[in-house]
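Take a look at the structures listed below.
Heads up, the next two complexes both have chain A, just with different partners, chain B and then chain C.
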Partner chain A sequence: MSLITIAGGERLSRSASIAPPPFRLIGRHLRPLAVPIALLAIWELLAHAGVADPRFLPSLEAVVARGVAEFSRSGLGVNLLASLKRDLIGFVCGSVAGIGLGLAIGFSRLIERLLGPVLLVHRQIALFAWVPLISMWFGGGEAGKVVFIALAAFQPTLINTWQGVSGIPRSYRELADVLTFGWFDFARIIAIPGALPQIFTGLHSALIYAWTATVGAELLLNIAPGIGGRMNEGQQLFHMDLLLLCVLLLGGVGVIFNVIAGAVEHRFLRWRIR
Partner chain B sequence: MSGPVAISAKGRGKSHALEITDVSKKFSVAGRQVQALSHIHLAVDEGEFVSIVGSSGCGKSTLLRLVLGLDTDYDGDIRVDGHRVERPGLDRSIVFQEHRLLPWLNVEANVAAALRQSGLSAAERGELVRDHLHLVGLDQFAKAHPAQLSGGMAQRVAIARALVTKPRFLLLDEPLGALDALTRLRLQDELQRIVRHEGTTAVLVTHDVDEAVYLGDRIVIMHPHPGRIATVLPVTAAVSRDRSDPNFIRLRDEVLSWLGVSRTGNDAGAELARRSA
Partner chain C sequence: MGAGQATALSGHGDSTAGAAPTHRRIFPAAGALALGLVVPLGLLTAWTVAALLGQLPEQILPPPWIVFDTLLEGIQDGSLLSSTVTSLKRVAEGFAAGALVGLVFGTAVGLSKTLREFVDPLFLALSQVPTLGWMPIVILIVGIDEGLKIIVIGWSAFIPVVLNTSQGVRDVPEAYVELGRVLSFSRWSKLTMIVLPSAIPSIFTGLREGLANGWQTLVAVELIASFEGLGYLMAYGRQLFQLELVLSAMIVVGLIGLAFHGLLTLTENHLQRWRPETPR
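For the complex of A and B:
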């Protein structure tokens, strides 16, 4: 049997034989939350100790109250949905383009030679450097924002897909030749599944990059419904509680994206774990 | 051992099933020419089981690659039924030393992958896959993934994948070389049974002189630098397939002496040959 099974079995038996006391188990599950909770506590302390000006650092309960108010009427919820929708459209467009082009480059030496150098230069350009160009070409409205988000998702999916396909071992290419595979079978049966771990790595990054770019686009381009729009509002109207609420929301969505990506990866790459 | 009468009778008369005529192959490594194969002549009949032994680097794998059609840049001629080999085809299968199963596909799908280009219906493919998993004794493991199999089981799946297309030629490149001694002995018997059952013509490359004598109808002995055929020894009917039979041991010692290992008459010689190879 494989090493992995043995290792898994060992872990199982160990946790079964020497059962740790229940509070240690709880402790282990709460460990990742320790630092955030500590930070919130420090925040509360600072807000209440009179160290910080409440206009700049409202207390946690003020932010929570703001959140309750915002979500009970159709305020921030609508904006969050608007941002998520924009993010999703950009992410899908950018990733599809990135995976498609990455596969093409990975399959074809000719395309790799033609596009490789251009893409390596493209990689050197900071994402936010595209903002002025995009706003000139596509405008600062919805189109420009989605293009910017798509660009953010495009880069990591492209690079990772490309590397994933070109990392397919030569022995598998030889196997494809022996089995007289055409390019379609090679892609479907060997190249794409073989590159899948890397493609997922790219998609995972793209999900996070696209979310960052969503807020960036909303802050830097024209004001529109969205979290970034509300942050602009919070800044201009001096609503610190709204601003902080938005920041917490952005982080929360990022965490949820991470969890979803991890679960999807786990589901599709089970053959690696077994 | 010969294949089913009907097939071998059909092949008789005109040409050999596989004909390798005056084949030479050069590689250039770092600007230097390496003669991997030099003037290879070998004719294999339908249903025959040919063993090839020789030290490492004498061009055995290269020869199999040429027969597969993976590399067509060589001098000389390789013909199947009189037709020159131009490219890989489903009539020629190979089992590599490493099983080369795709880790993301389960056992069944790995075997079925060989039938992608067969033009058969899904039902026919499913039946062939089931039959061949049964043939190698792995019916119970159809849904398992390669990571869950032992080395011997994985190699059996590789054998099933090679045979599922019902190839005329089964090429085996040290297929049991990576397995432990017991598993190897067991799989030698299985290989013999399976190849006989399918009536396939087999070319086996091996480091193991015992294995070559045990499985082969003929033994091709190759020498390196440049890779060439030193001699071809027939395994006569007098050599029963019993490893302790005096005839068996005599033939094994003859092969060993062709490989430059002194006749020891005991297992140390075979072990030495295995190591030096």
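For the complex of A and C:
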């Protein structure tokens, strides 16, 4: 019945205690901060002890100084806005198309059978494999980047909307038939509210995918204002402090997107919990 | 014992059973297959006709037969095959490293609340940065050799594996854990006979996402910094304006993505065959 034999279990069982007692002494609310602070302290120590090459490991104050300089002379700030703008345009285009097509496929059995297999195969093609093709069709400039970002947002919204609509209980569909709902009423009263949680899941991942694609497009396609462009610069000029700052911004934007998406989901799906 | 397990499991089996109808609807049998072929064949016909009529500039879309020839040629002279092997090897190494470390780390984090409190916030913060964003830094530190590819692919596979494994380990039903206590299992048998088997659906979700992420990252990293592999082939084709090369590499990339997906689904079903409710 067991999948894995228990041979050798005794040998490991004693050393398997994962949290050694000394760590338990650190207060519960301080624990989330302990590891990052320790890492930063080690980093600072290494940077100042002269062990690490400052080109590879700039001190923390160098990164902060770079940040202050960048944002006071509107350097990185402008780039961040350029990236965000690109990201949001692509996100909106891609997710509108994704939700629209997802609803169409969810509503119509025929469309589902016609397009479903193609879209499932399309989903398996690595997103970045489209970059060379897109750059030849739309150019490596702004249009190509936005198309690529839109493609990244399109896939998760499409799949989730589709699954959301096809996951609506049969009894709801029958109820709609009994009440002789038209297509529009069915969509408005049953399909869209029923699929909403899945649609939001799709939008949430689309937001994250689009941000990844924004960075990818900026690194892979023509250099333009944006975080990715600055990262190219940082890599070529060996400015590790700039690169670290960019990574920090990328992560920060990711966190903010997650928080916003979580809040929106919570706000719109409250009726489900009640 | 078997029957007792079946009843104990029924609460958990629902989540997998609920997914089945959509799955069946998405992959219908032969009759629907024909309908599914209508659109691809229609597109292919339109493409062929447009090319025959000379309506398609080759810089936008070369005729399908040229793409097909390029594909055959690449297979015959070995260039496409060797690129594919290089790419597959990179993904295998990166994914194996990332998934293995991710499984161990994810299990540890799932089992220990203390450890989770220490490392969770840092891990979540780091995972918010798109994988590609780390690439310039990693390039400066390790260069653009194989090390770069393994690190970046490994990292992109690591994140979903950790997230899903720790979630799966944390969600082990209380009843199973109690059963282990009643049978006075050792820590190790509890892990291998209760926790891990029960977490398998989650772990596989993680592995599947990890492999898909790894494949994505491979293509990106080969486009940015590489001198061989499928991504390089595409970048090269783009520079020479040889779209047929780009397209044939894309076809291979897509086929491998599909193969990965199918392989993991098969393995997952195989590993879950003990679960009575799982449809086969």
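Heads up, the rule we're going with is that the second predicted complex is superposed on the first by the 227 of 274 C-alpha atoms of A that agree within 3 Å, B and C clash if a C-alpha of one lies under 4 Å from a C-alpha of the other, contacts with A are read in each partner's own complex, and residues count from 1 in each chain.
Here is the rule we use: contacts are C-beta pairs under 8 Å (C-beta built on N, C-alpha and C of every residue); 3 or more make two chains touch, one makes a residue touch a chain.
Remember, it's a predicted structure, so these values are computed and weren't measured experimentally.
**Student:** Output check: A:225 vs chain B and chain C. Expected answer is one of first, second, both, neither. What do you get?
**Tutor:** neither
**Student:** For A:190, decide between first (touching chain B), second (touching chain C), both and neither.
**Tutor:** first
**Student:** Based on the superposed arrangement, let me know which partner A:139 touches: chain B (first), chain C (second), both, or neither?
**Tutor:** A:139 contacts neither chain B nor chain C.
**Student:** May I ask you to name which of chain B and chain C touches more residues of chain A?
**Tutor:** Of chain B and chain C, the partner in contact with more residues of chain A is C.
**Student:** Please indicate which partner A:75 is in contact with in the superposed arrangement: first for chain B, second for chain C, both, or neither.
**Tutor:** Neither: A:75 stays clear of chain B and chain C.
**Student:** Would you mind listing the overlap between the chain B footprint and the chain C footprint on chain A?
**Tutor:** 1-2, 4-5
**Student:** What residues of chain C sit close enough to touch chain A in their complex?
**Tutor:** By the definition above, chain C touches chain A via 1-2, 5, 22, 25-26, 28, 32-33, 35-40, 59-60, 108, 111-112, 114-115, 117-122, 125-126, 128-137, 139-141, 186-189, 191-193, 196-197, 215-216, 218-220, 223-224, 231, 234-235, 237-238, 241, 243, 246-247, 249-250, 253-254, 257-258, 260-261, 271, 274.
**Student:** Given the complex with chain B, which residues does chain A contribute to the contact?
**Tutor:** Within the complex, chain A touches chain B at residues 1-2, 4-5, 171-172, 174-175, 177-182, 185, 189-190, 193-194, 196, 271-272, 274.
**Student:** Which residues of chain A touch chain C in the complex?
**Tutor:** Checking each residue of chain A against chain C gives 1-6, 8-10, 12-13, 16, 18-19, 23-24, 28, 31-36, 39, 56, 110, 112-118, 120-121, 124-133, 135-137, 163, 166-167, 211-212, 215-216, 219-220, 227, 231-232, 234-235, 238, 240, 243-244, 246-247, 250-252, 254-255, 258.
**Student:** Which residues of chain B touch chain A in the complex?
**Tutor:** Residue positions touching the partner: 68, 70, 87-90, 93-94, 96, 98, 100, 102-105, 113-114, 116-117, 145, 147-148, 150.
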